[in-house]
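Right, one structure below, let's go through it.
A, B and C label the chains in the order they appear, each numbered from 1.
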Amino acid sequence: MASPATRRIVGAAMTGATYGAAALAIVPLAAILVMLLTKGAGSLDWDFFTRSAVPVGEPGGGFAHAIVGTLLVVGVACAIGIPIGVGAGIFLAEFGGGRFGWVVRFVADTLNGTPSIVIGIFAWAWIVRPAGRFTALAGSVALACILAPLVARTTEEMVRLVPNSLREAALALGYPRWRTSLTVVARTARAGIVTGCLVAIARVAGETAPLLFTALGNQFFSTNLLQPIAALPLQIYVYALGPYEEWHRQAWAGALVLILLVLILGTIARVATRSRHERA
Amino acid sequence: MTAPPPAAAWSPPDPAPAAATAAVPRLAVERLTAWYGDAAGIRDVSLAFEANRVSALIGPSGCGKSTLLRCLNRMHELVPDARVEGRVLLDGHDIYAPGVNPIAVRRTVGMVFQKPTPFPTMSIAENVAAGLKVGPPVSRSERDAVVERALRRAALWDEVKDRLHHSPLALSGGQQQRLCVARSIAPEPEVLLLDEPTASLDPLGAARIEELVHELKREFTVVIVTHNLQQAARVSDVTSFFYLGTLVETGPTAQLFTAPVQPQTEAYITGRFG
Amino acid sequence: MTALAPEQPLARAPRVSTAERWRDLRIVSPGDAVYRVALMLLALVLPLLLLAIVGGLVVGAWPAIRQFQLGFLFRSTWDPVAGQFGALPLIFGTLYSSLVAIVIAVPLALGAAIFLTEFAPRWMRTPVGTLIELLAGVPSVIYGLWGLFVLVPLLRDVIWPVVKPVLRWLPFFSGPFYGPSVLAGGTILAVMVLPYVAAVSREVLRAVPPAQREAALALGATRWEAVWTVVLPYGRAGIFGAVVLGLGRALGETMAVTMLIGNRHEISLSLVQPGYTIAAAIANEFAEAVSSLHLSALVYCGLVLFVITVCVNAAARWLIWRVARGSAAGSAAL
C-alpha cells in the first residue's frame, strides 16, 4: 500500500485526468461548430438558398435544390415511417408482452443497429433495381426504414411511462381498450411521442449513405419523386470531395444549414421533454 | 361550502329511506372466489348490497376487500392470470354470465380509485364528461348540464365553475378526487364503488369526500373499501369484515362496531391486529 | 346553463328497465379486436422489413457468393476489371479502424463518464453531459467535412512532424503519411463513437449503489480509489457492454470514414497508411460498379458487414441488459 501522500497525489492526478477527458470530449464539438460558423456563415446569402447548382467550375449557384430535396425526401420518409413506428410503438407498450412483442422489440433493436449503408443496399435491391432507375422515392423508403424502428422504440418508452392508474380510471368508466389506448394513454404520451419523432427526424435528415444509390443526387432542381433528387448531406459530400474551392465554400455553408436544422429539432425536443417533466 | 366541517364524529346511519325497494338487493355476490393465478384473493364470499345504502368493506391489508370490490365491476379480470368463480348479481342478473360485456358492466358500476387520476390532457369539464363519450350520444347543452350537475353533486362546482376549461392538474389532491367522483357519477351508474378514496388525501379533503358519500347514497348504491375504521363507522350503513380472503362477519355498522359477534372482528376493531 | 338542484333527477333518458339494460350488457364491441389487429399489422412491418433486408442482401450477393464462396473473406485481390474480388482488406480495415476508434474513445469516454458521475460539480453535470450528447447528433458527413479540412491537415502538418522521429520505427507508424489514413479515419470514428460509450457508461456508473462507494470511502479510500477499486469493477459488465456498443457503431459508419481513410484496398498495420472499410468501399464503388459481378461482390460485402454488426450489437445489448435490466437508459442509448 503506497504512502498516504502518494495516494493523494495519484488521486488528484486521476481526478484531473477525468476533467481533462471531459474537456477533450467537448473539444471536437466546439471545433466543428466554430469551423462551420467561420467558414460557412459568410456564404449564407440569398443566392445560396434560392439558386441551384451551376455547371462545374463556374462561380455562384446555391443549394436550393439540395435543401428542397432534403425537405421532400425526409417529408415522404416521415409519411411512411412515422405511422408505422408510432403504431408499432403503441403495440409494444399496450400489447407487447407476449412472444410476438418480444420478436418485434428484438427486430426493432436490430434494425436500429444496422448500418445505414446496408439499408441503402436494401432499398436499391427492392426499388431501384426493379424500376431500373434511381428515384427520390427509393431514398425516402430507405430513410423510412431507419425512422420506423427508431420511432417505435421511443414511442414504446413514452407510452410505457403513462401510469397504469390512468388506464384503470378510463377502463372503470366503461372505455373499451382501444378507446383507452387512443384517447387517454396515447394522448397523454403525445408530447413525448412527438419529441421522439423529432429526434428521429433530425437523425434521418443528416443521413447520406442510404441516399447514395437510391436518390443518387441531382444537380438540377427537382421535386419529382420518380427522378433522382439532390439532398443536403449528399450535396455536401460531393462538393467536399470535389476539387473546386467554390464547392468547398458551399459545402461548409450547406453543413452549417444542416447542423442548424439538426440542432433546432433536437433543442425543441429537449425543451419540450424537460418542461413536461418539470410540470409533472 | 365555506367553513370546513368540524372534526368528524360518528353519527348514526340514516333510517330506512322512504322509497324502500323490493327484496332483490341491488348488488349481490354469491359464492365468489377470485384467483390471481394459483392464489385465491377471496374465497367463497356471499354478500348482498342494498340499494341506496353505503356498505363498507373493512379488514387488514391483503384480506381481499379490494379484490372483492374489483370483482363487482369486472376490473379484476384485467390482471393477467386472473379468474373468477361464482356469481355477481346486478338486479338479479349475473354479470359474469357468458356473453356479458364487461365494458358495459363498467358503465353501470362506477369506480373511484385511491389515487386521484384526472386525465391530464383534458380540461376539468372534459374530464367530467369523459364517461359520457361511451354512452348514448348527448347534445352539447345536455352535456354541459350533466357536467354541472355532477360537479354540484361532488361538491366541486363552486370551486371550479370559473375554470371549467382549465387543466385539472392545478387542483389540490382533494379537489382532484372530487373531480374523479364527479367523473364517475356523471354517466349515472347504478352502483358506485370507492376503493380507499381518502387514503391519499389530507384530513380536510378526506372529510369532504366523506360528506359526499352521505349525499351520494341518495341516488347510488355505494360500496366503499377502507382501512380507516373510524371512517367506516362514520359513513356506512352496513359493514363487512374480511380476513385472509373470507368474509368473517357482516351487519349493520352500529351493531358491528359495538357488539361484534365473531372474536376476530372484535380483535380487529379494538385494534389488537391490523 | 341550466342550474339543476342536486336532488332533481336528470331529465335525460328515462331509467331503462332491467331487462333492457341487461340486453345492453350483452353487446360486445368489435373495436378492441380491430384496434389490436391494426396495431399488430403495423408492428409486423418491422420483422418483415428485416426479412426483406436479409433477403435483398442474399439475393443481391448470390452471384458473388456462388462464385467466390467463403474464400471471398480471405482473399485480397480486388480487381473489378478482371472480375476478381477478395474482401479481406475491407474486413481488416473495418475491424482495424474500429479498433483504433475504440482505443482512442474508450479512455476519454470513460474518463468523461467518471467525471460526470463522481467529480463534476452539480451545476456542471447537465451542461457538460448535454454537450457530449450533442456530439451524437452531428451528421456523419459533417464529421467527414471537418475531418477532411481540419483534422487531416492537423495530423499531417502539425502532429506528425513532431512525433515522427519517435514513432517512425514502430510498425504502426511506418511509411509516408499523406493525410488520408487509418489514423485519420479511426480518430474521426473515435469522436463519433465517444458520446455513445460515455452516455451508457454514465448510466451504468449511476446505477452503482451509493452504498458501495460509501463503503470504500468509509474504509479510508480517496475518492479516486473508491472509483477505481469499487465503482468501476461493479459496473464492469455494463461498461464492457458500452464499449462493445461503441464498436458496433464504429463498424457501420460510412461517410466520415470514406472521406478520411484513403480508400485503398490494402492490408497494412501502419496507421498512417491509407486503408479501406466495407462501408467505404460500398459507398465509393456502388454507383459506378463496373459489372454486375462487381455489384454483387459489393452486396456480398454488405451482407458480411450486416452479419458482423448484428452480432456485435446483439452482444452489446445483452451485456447492457444484464446490468441495466432494460431501463430507459439502455434503450435510449441504443
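Definition applied: contacts are C-beta pairs under 8 Å (C-beta built on N, C-alpha and C of every residue); 3 or more make two chains touch, one makes a residue touch a chain.
Please read all numbers here as calculations on a predicted model, not as lab measurements.
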| item | value |
| --- | --- |
| Most distant chain from chain C, judged by the mean position of its C-alpha atoms | B |
| Leading chain pair when contacts are tallied as C-beta pairs | A-C |
| Whole-Å gap separating chain B and chain C, where each centre is the average of the chain's CA atoms | 52 |
| Intercentroid distance (Cα basis), chain C paired with chain A, Å | 14 |
| Centre-of-Cα separation between chain B and chain A, whole angstrom | 49 |
| Touching two or more other chains - residue numbers and ranges from chain B | 103-105, 108 |
| Multi-chain contact residues (two or more partners), chain A | 176, 179 |
| Contacts with two or more other chains, residues of chain C listed in rising order | 29 |
| Touch list for chain C against partner chain B, complex | 1-4, 6-7, 9-10, 12-13, 18, 21-22, 24-29 |
| Sites on chain B touched by chain C in the complex | 91-93, 95, 99-101, 103-105, 108, 136, 138, 141-142, 144-146, 148-149, 152-153, 188, 215, 218-219 |
| Chain A-facing residues of chain B, complex | 73, 75, 78, 80, 103-108, 110-111, 113, 115, 117, 119-121, 130-131, 133-135, 169, 180, 183-184, 187 |
| Chain A to chain C touching residues, read off their complex | 7-8, 10-12, 14-15, 17-22, 24-26, 28-29, 31-32, 35-36, 83-84, 87-88, 90-92, 94-96, 100-101, 103-104, 107-119, 121-122, 124-126, 145, 148-149, 152-153, 157, 176-179, 181-182, 202-203, 205-209, 212-213, 216, 233, 236-237, 240-241, 248, 251-252, 255, 258-259, 262-263, 266, 270 |
| In the complex, chain C residues that touch chain A | 29, 31-32, 34-36, 38-40, 42-47, 49-50, 52-53, 56-57, 59-60, 107-112, 114-116, 118-120, 128, 130-132, 134-135, 137-146, 148-150, 191, 194-195, 198, 222-225, 228, 248, 251-255, 259, 279, 282-283, 286-287, 299, 302, 305-306, 309-310, 313-314, 317, 328, 331-332, 334 |
